[in-house]
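Several structures are given next for inspection.
In what follows, chain A forms one complex with chain B and a second complex with chain C.
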Partner chain A sequence: MKGYLAFTKKEFVEQIRTYRLLICLSVFFLFGLMSPLLAKLLPEILSGMDLQGMVLAIPEATAMDAYAQFFKNITQMGIIVILLVFGGVISNELTKGTLINILAKGLGRHTVILAKYTAMLVLWTLALAFASLVNHGYTMYMFDTSDISNLLFSLFCLWLFGAFLLSLIILSSVLTGGNFGGLILTVVVLGGLLILDLFPKLEKVNPIYLSSHNLEFLTGALMPADALLPVLVTIALLIGNILVSISLFNHKKL
Partner chain B sequence: MMAVLELKNLEKSFGKLEVIKDLSFAVEEHSVFGFIGKNGAGKTTTMKMILGFLQPDAGEIYVNGERVAYGNSKTNRYIGYLPDVPEFYGYMSPKEYLRLCGEITGLPKEVTQARSKELLSMVGLENTNRRIRGFSRGMKQRLGIAQALLNEPRLLICDEPTSALDPIGRKEILDILSIARERTTIVFSTHILSDVERIADNIGVINDGKLVLEGPVQNIKNMKRKDTIQIVLSNQEMNTELMSRINELPFVLEGALEKDGILIKLTNAEKFGKEIMSLLVREDIPVLRYEILEPSLENVFLEVVG
Partner chain C sequence: MNEIMEYLPFIIPIIIVELVLMVAALVHLLKYKKFRFGNQILWIVIVVFLQIIGPILYFTIGRGDE
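Presenting the complex of A and B:
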């Protein structure tokens, strides 16, 4: 336990001093800020353009448009940022050899995995909470948000998807060597999940569900009960990823 | 005396390459064991197996009487390890790094603080508060020793601690190790024989995956003893004449004329040296220098490994 706390603390120090915390928070802050702004400005930008006589009927922007932008930003750019920041989380330390001293002190290998996952999860939670707060505040300021439902649950789905993604990054980073192995393998697996998402029958057993239906929860088209299966499947996969990572890491040559 | 480290019939191959074949040795408490071998002889592989970083194909390793298990090695709490090229978190200062190490080992805060202070001054980094990122190789090596000694290990394992350093850095590391030997047992690998001669009590020479020679440094030097006498004459013109006379002597194994004088190899310099001296006196050959050269491990090493 002491070792776990010490190593988690080291991970936080690392996030701060290698500017990971700063990068994540500022990028996510921008997402929070940009999304309502883009939703508001997009119709005006379009109407200001010379469309050579074409008439575009653009409906007035609503809070839903702001959230549509927000979810799009987080699930696309946000995930790329997370991937770049954490892609080599295990393999970097193995390639550099910084983990050797630590493991030679008798720190359990499972502790390394758990501490790293904890620190990553905390950073993701902070970043997402920050972005959500900024976004929601700004959206409230500019639009009428009274018809938004299930907001917290929708955000929870997004958070859980992120948590799953982080466990996938850990597993990929344990499996592969080099600085970018973990990143590439995660992208490949995500690609695979996106392809599986094309089959409606498999949709509900695919974590992608949690990052692709967020807006439908807000509009009330979907209710939390609809997401029960994807939530459970994702939690199971997440735990599985971590357990497999630990077991593989225990048997890894150093 | 109890063995702190014991290796029994260790075997390890990487694919078809057999690196370690039937390696066994034991290191007694409070001794310094020099683990000698050519590059690629399997020294690092052996050390990694002791730390549980690599899985042996066969055989057993005991640290402090406990068997080493691959993967999650509890026995590492007895060990301090200095890798050949120690790597640290570049964004930390030496003090912060040692604090992390102390927390991981579960040392109380005050103990970590006191020992960090003591160790950092021992390795000459007590006033270095900048981050490790800009450290030279020698500084990293010294910090490596400090972190390895922090938890007062029963066994300090150093993987080629001096190989990559300049002569001053080497001397510093050897001095630090000589201080450390008073508190712990040291196993260190090297291919620099003068380092072994300076600090090791016992050596083991690994070649072809097996220990080909093992024992106290002094014994080994004497066992393979082949003394050399160096004679420099004041009158260089008499060299050839003297050479022919010396080569006639029955106890001389080999006499050679080198640019720094005549080198005579013989079995026992003290016993037969007198006869050479009396020869010099009898023939009235003026001598500038007469010296019995110390036997060196290098000769032994080349003989065993070569």
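Presenting the complex of A and C:
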């Protein structure tokens, strides 16, 4: 337990020193801020264009548009940022050999995985909470937010998807070698999941569900009960990823 | 002028974040001078002229090991 706390603390210090904290928070802050702004400006930009007599009927922007932008930003650019920032968390230490010393001094190998996952999860939670707060604040400032339902559940789905992605990064980094092996394998698996998402029958057992139906929860088209199966499947996969990572890492040659 | 005033609550935070990222990246790259690829002048140009993306690229893929 002592080793776990110490290693987690070391991870937090590393996040600050490598500017991961600064990057994550500022990028997610900008996502939160830009989404309502883009939703507001898009009709004005379109109406400013010279359409040569064509008439475009553009409905007034609503809070839903702001949230549509927000979820689109986080699930596309946000995921890319997460992959870039966390892609090398384990591979770097493996290629540089910095883990050998502390492991030789008796720190359990499972502790390394768990502590790294904890630190990544805390940063992801902070970043997403920050973005959501900023986004909700500005959306309230510009639009009427009274018709939004299930906001917290929708955000929870997004958070859970991110947590699953982080566990996938850890598993891929343990499975592959080299600096970018983990990153590439994660992207490949993510691509596979996206392809599986095309089949309607498999949709509900796919973690992608949690990142592709967020807006439907807000409009009330889907209720939290509809997402019970995807949530359970994702939690199971997440725990499975971590357990497999630990057992593989136990036998990995450093 | 009114238009600008309306969007001031958006513009000011964006500028602050851009500046913080740019200064952090500039201070770091002037201090350590080690890059995975490219040279100092290239990275200064990227950091200063590519707002937001530039510093992020520097910290994620450009920065060398200390």
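Operating definition for what follows: the second predicted complex is superposed on the first by the 254 of 254 C-alpha atoms of A that agree within 3 Å, B and C clash if a C-alpha of one lies under 4 Å from a C-alpha of the other, contacts with A are read in each partner's own complex, and residues count from 1 in each chain.
The rule we apply is simple: a contact is a pair of C-beta atoms (placed from the backbone, for glycine too) under 8 Å apart; a residue touches a chain by one contact, two chains touch by 3 or more.
All values derive from a computational prediction rather than experimental measurement.
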| item | value |
| --- | --- |
| First (chain B), second (chain C), both or neither touched by A:L254 | first |
| A:T18 touches, of chain B and chain C: first, second, both or neither? | both |
| Chain B versus chain C as contact partner of A:Y138, first or second or both or neither | second |
| More chain A residues in contact - chain B or chain C | B |
| Touching partner for A:G3 - first (chain B), second (chain C), both, neither | first |
| Interface residues of chain A shared between complexes with chain B and chain C | 18, 96 |
| Of chain A, residues touching chain C in the complex | 18-20, 22-23, 26-27, 29-30, 33-34, 37, 81, 84-85, 96, 138, 141 |
| Contact footprint of chain B on chain A as seen in their complex | 2-3, 5-7, 9-10, 13-14, 17-18, 96-98, 100-110, 250-251, 253-254 |
| Contact set on chain C toward chain A in their complex | 7, 9-10, 13-14, 17, 20-21, 24, 28, 52, 55-56, 59-61, 65 |
| Residues of chain B that touch chain A when the two form their complex | 48, 51, 53-55, 70-74, 76-77, 79-81, 83, 85-89, 91-92, 96, 100-101, 103-106, 144, 147-148, 151 |
